[in-house]
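Two complexes, one shared chain (chain A), two partners (chain B, chain C).
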Partner chain A sequence: MNTVLIIQSLISGIMMGSVYALLGVGFSLTWGVMKVIHISHAAFGLLGAFLAYSLLQFWGMDPILSLIVSVPLLFFLACLIYHFLIRPITQAKEVIVASMILTFGIAIILENLMLLIWSPDPRLLTISYTSKVLVLGTLYFQYPRMAGFLLSAVGVLVIHFFLKKTYTGKAVRAAWQQPEAAQLYGVNLSRISMITFGLAVSSAGAGGVGMAFLYSFEPHTHNLWLIYLFLVVIVGGVGNVLGAALAGLIIGVITGLSLAFLPYQWVNLLTFGLLMVILVIRPHGLFKGEV
Partner chain B sequence: MKKGFFRTVFFLTLVGLSFSLVIGQQNPILASGKPIVIGGSLPQTGKFAETAKWIEKGMRFWAEEINAKGGLLGRKVVFKIYDDESSAGKAVTFAEKAITVDKVDLLFGGYPGTAARAVMPAAEKHKFVYVSMGGHMKSFEQGYTYSFGGPPLMGEWWYEGFYQWLKSLSANQRPKRAAVYTMNNPIGTSLIDSINRMTRDLGIELVINEKYNLPLPDATPLIVKAKQMSCDILFANGFFADGVMTIRTAKALAYNPKAIVQGVGSVIPAWIKELGKDGDYVFSGTSLHNKLRYPGNDTLNAYVKEKYNLPAYPVYFGFGYAWMQTLSQGVEGAKSLDQTKIRDWLKSHTVHTICGSMSFDERGLPSPINFCTQLINGKVELIWPKEIRTAEPVYPKPRWK
Partner chain C sequence: MVSFQTKSNRLVFGALILLVALGVFPWLGPPVYFISLLFTVFLYVILATSWNLIGGYAGYLSFGHVAFFGIGAYATALMMKWLNLSPFWTILSSIPAGGVAGLIAVIIGYPCLRLRGPYFAVITFCFAFVVDLGIKNLDIFGGPEGLWLKSMDLPIDVIRSILFEVMMVIMVLAIAFSVWTSRSKFGAGLRAIKEDEEVAQTMSINAPKLKIQAFALSAFFPGMAGGVYAYNLTYIHADIVFDIMISILIVLMALFGGGGTWLGPIIGAVVLTLVNEGLSTFVRAEFARIIYGCLFIGVIIFMPNGIMEFFKRGQREPSG
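The block that comes next holds the complex of A and B.
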């Protein structure tokens, strides 16, 4: 048994999975609260990554600090999109199908805008600590991965406490659990949905920065990230923040460990095989659906 | 008087027509007839878009040049390029559409190898000459008669130059243990045969030989294994995304083999631009290079420098240009747009391109082309064959700083 390989793969998997979690939390929220399957969620994540890249290139701003700019910007943009595009389709008979078609269109528009602004060139976030590592005995902890992990942990916890401890957050949960009762108690469902959508999209921006710490990216990369989003939500349960976070970690750990134990060409088969098994056994996810 | 007048007008008209016909051969503005339409598809979006944009730029520069000289067979050339969105299936659809619906005069070569391989049978079915990189050796062994690799980009030849260079080292200088990680697709797997032969011939033990499916989620276990097994040469046969992940992880985990060979991902400009110094000292191979001394390379380098502010043309810019050179020489040689005549001319004559002179065998392939390259100080340098060397190879690779 190769202990170092297993532990190193496990560490790497946890860090990778935590980033999937941050990217997936908002996707799970919009699906759970608003019944909107937000196909352009990953494209907004990618936009966050590109904004971080440009702020780093032109002003030398650390990608994590760049969130001070990109998170409010994405929140504002999401509110506008909600008001003008998403809200009208929530009246549709088949909200889920209508939302998928609409947000698929938004994803294509965003991809093309990113192509126009940043060109199809692949990009990497290269920061002062890109190559730095913390060595503990025989184990290596890469700084960018740790940064991604910390960003994700903070991001998921902030969303969790926002939903549990703030008045608006409680209203979001109420809207998810009992929309009619929430309305009777004075919760403005439209406003709550807009805040949820804004929160989800801005968390996608943060998740996109986390993904950019791990991977190169280009304007079409969101299609790949979207697959991980579905994986996180299906494993974690729709609308469940902590479930999505745990799902991200589980996927990361499974991927990391299977890379250590199995021939590499089996890894994706195993990960997506897992998705199918969960869909069959627990179609609502591993964890009970609750915001 | 009247008779004389008409005779003069007739004579002047004849002279005018003859003059315009002669001038029309050289002057694009006066070039006669409809333009020659060259159709097909490129991945303008999707995962191969970065590379394909340089192919398109190379093709368009060729068109600029040839139109300025009066066109092809005296006719201006124009492109009808579809975006196949990096899908080989769509590349076939668009090739069919270009031939049957648009009724283009000529077909241009697509990218990547998977798309080229898929288009080759369609070109054969419609009897259209198809000059491209090809889809590696197997695609040229299907009996197609209208397909040409002019020049090809053969995975099976990719490391030939590196192998020859490694062979030139004394046995004790060569690496002893190899780790090979290959993306599980036709491009990646086409590299494996040559690695097997190389390691066997040079007595290098193949300690790890694994394939992975794209996208590669994490390179950490790959590098940990290679380091633990003391592999002193790493073959990372992947595209850009998995390639940079492997390099960055190798650096982070302080894995220092004597040589890193990265087949495909390292040949695009983004490798140097985005990885910076970390991308240095990687070996690769090519059938085309901007420092080759064949006619045309200097012109291309000057153009790219002026237009894109790059020190020299990216390799795929050269490929786009060279494929059009081969096709146009076939057309000019055949003096016709008849596809069979073009094919027969190409099969029986030598073409002269920026990567040298090529004669095609019955499969449509030239003799194996094998240049070994190494990235040194952010530049792709030619290492082998020795007579075309542009820089001394850096070996063993310096340790990560």
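The block that comes next holds the complex of A and C.
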């Protein structure tokens, strides 16, 4: 075992983990605040990745800049979906089950739309700096991964401060903790839910771009991402933004370290096995906390 | 009471006639398409009916039920390969294959059934993924190449008809068990768990034991069906028998027909399988799936309590 290899995998693990965190934060929020398990969350992330891919392909737009286009687009789309599809079922007796099946339907539709538009070929974001590496002593940092890391760090922090500092963000937290009391104090629950859902879906889009910096993707990839979402939420605790961020990092480090010693498929198996164990031992997350 | 008796007798009689008709059907030399269509219908009736034991009666929604189907398929294929079974024994080996699925359900059900609501749904969802990945990456299970099964030395339409009958028998067994459950003390216990598990416990219902039993049985029938399915297809691959779509489809079928009754999942499975087959016959695959996705949404929004409730409500409304 050599130390450089371990430190190197630790670094790449942290970079991967930050992206998982950004992808998972919104999923955690929708589950926590709205009691909706949003199965198509990863599919929206993938949509963000494909939009970035096409904008890069046709206009040479940098993937991070492309978020200026895709984030508002996804936010708008999410508001429509919330208004017409999600809101009608939030009154149902078993919201969680209904929401899982409903959003699975949305995921199928999105997946097949992406298949029609972008075909099933695996894609890779090839940017001018894809193969560039920053070398510091014996360690090296790949530029795309650093871009993904920065994007995710900024994204998670923005969501965190939005929830802690802004009025709307505080209303979201209030709605999560005490829905009835929040309503008494004049919080419009359905408006708050719409904002939460829009925010979650657009953060998924950004997280999808982050994932595209790391891995190749095709229209079916969202199924695999979905498991990472569950992992982030279960480890971090439902509705817990900082918990999700921390969980993302932990999962990233575990993946990074095990990638150094195991073949890729086994790493997935290991992480999902871990998920099942955590679910059984600590179903409400490893950390205590709130939104 | 008398009228109930005659009504139920008439139902049993009608069901018998239907079964005999279905049993004779493949021997009359109909187009292959209809045999395989009915075979698929039987398969989904089995899957939805057995899912209903744990999901419908007990209210524990398993989102990974395809795992047991796939485990059964692989168990049969491997038994055939390792023990060099004759066709007769291969068909019978679907019984131990169901047993393997049931045993695995007991093992994972023991810790998982302590989780409630969404957490149970999530863990079963992930369980199916773990099994899928594990099988794809282990060479003894054929790895990413999948497994071939040796077919019988008989004309192809005879093979098809035999397996059709076997699948039908499993379906009848699953439905009979479901009907029995809905009328038995066992089923009453499961319903009590669905209503309120704590109260059920205080009424001296052994909830953990009942849940494990229901979960194991709801894995047993899909395991058997998986074995027969594998033998019919003669080739299995993890992507086919562990398709996550099947898991969700089972839940949707049971809910569409109305979970918690024995008839609901049958209606759901028949209707949705026919719709699915119809769509994929006439429309391009991607469009078919998009329409299917819309169907998921429509069912949940317009009939959250199932199609049976939907029509009952429609009848009741005029009278207030």
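Brief remarks on what is shown
Convention: the second predicted complex is superposed on the first by the 280 of 291 C-alpha atoms of A that agree within 3 Å, B and C clash if a C-alpha of one lies under 4 Å from a C-alpha of the other, contacts with A are read in each partner's own complex, and residues count from 1 in each chain.
Following the convention adopted for this analysis, a contact is a pair of C-beta atoms (placed from the backbone, for glycine too) under 8 Å apart; a residue touches a chain by one contact, two chains touch by 3 or more.
Quick caveat: nothing in here was measured; it's all calculated off a predicted structure.
With chain A as the common reference for superposition, the partners chain B and chain C occupy clashing space.
When the two structures are aligned on the shared chain, A:234 is found in touch with chain C, with no touch to chain B.
Contacts of A:215 after superposition: chain B is touched, whereas chain C is not reached. When the shared chain is aligned, chain C comes close enough to touch A:113, but chain B does not. Looking at the shared chain after the overlay, A:268 reaches both chain B and chain C. Once the two complexes are laid over each other on the shared chain, residue contacts for A:5 go to chain B alone; chain C is not touched. Of the two partner chains placed around the shared chain by superposition, chain C is the only one that A:97 touches, whereas chain B remains out of contact. Of the two partner chains, neither chain B nor chain C is touched by A:162. Among the candidate segments 236-244, 254-262, 272-280 or 308-316, the part of chain C whose C-alpha atoms clash with chain B in the superposed model is 236-244. Residue overlap on chain A between its contacts with chain B in one complex and with chain C in the other: 111, 115, 265, 268-269.
Note for the complex: chain A touches chain C at residues 31, 37, 85, 88-89, 92-94, 96-98, 100-102, 104-109, 111-113, 115-116, 223, 227, 230, 234, 265-266, 268-269, 272-273, 275-276, 279-280, 283.
Here chain B touches chain A in the complex through residues 45-47, 49-50, 53, 86, 181, 184, 210-213, 215-218, 220-222, 224-225, 228, 240-241, 244-245, 248-249, 251-254, 270, 273-276, 278, 400, going by the rule given at the top.
Interface residues of chain C facing chain A in the complex, by the touch rule stated above, are 61, 63, 111-112, 114-115, 117-119, 121-123, 125-127, 129-130, 133-134, 136-137, 244-245, 248, 251-252, 255, 286-287, 289-290, 292-297, 299-301, 304.
Chain A makes touch with chain B in their complex at residues 2, 4-5, 8-9, 12-13, 16, 111, 115, 119-124, 126, 130-131, 133, 140, 142, 214-216, 218-220, 224, 255-256, 259-260, 263-265, 267-269.
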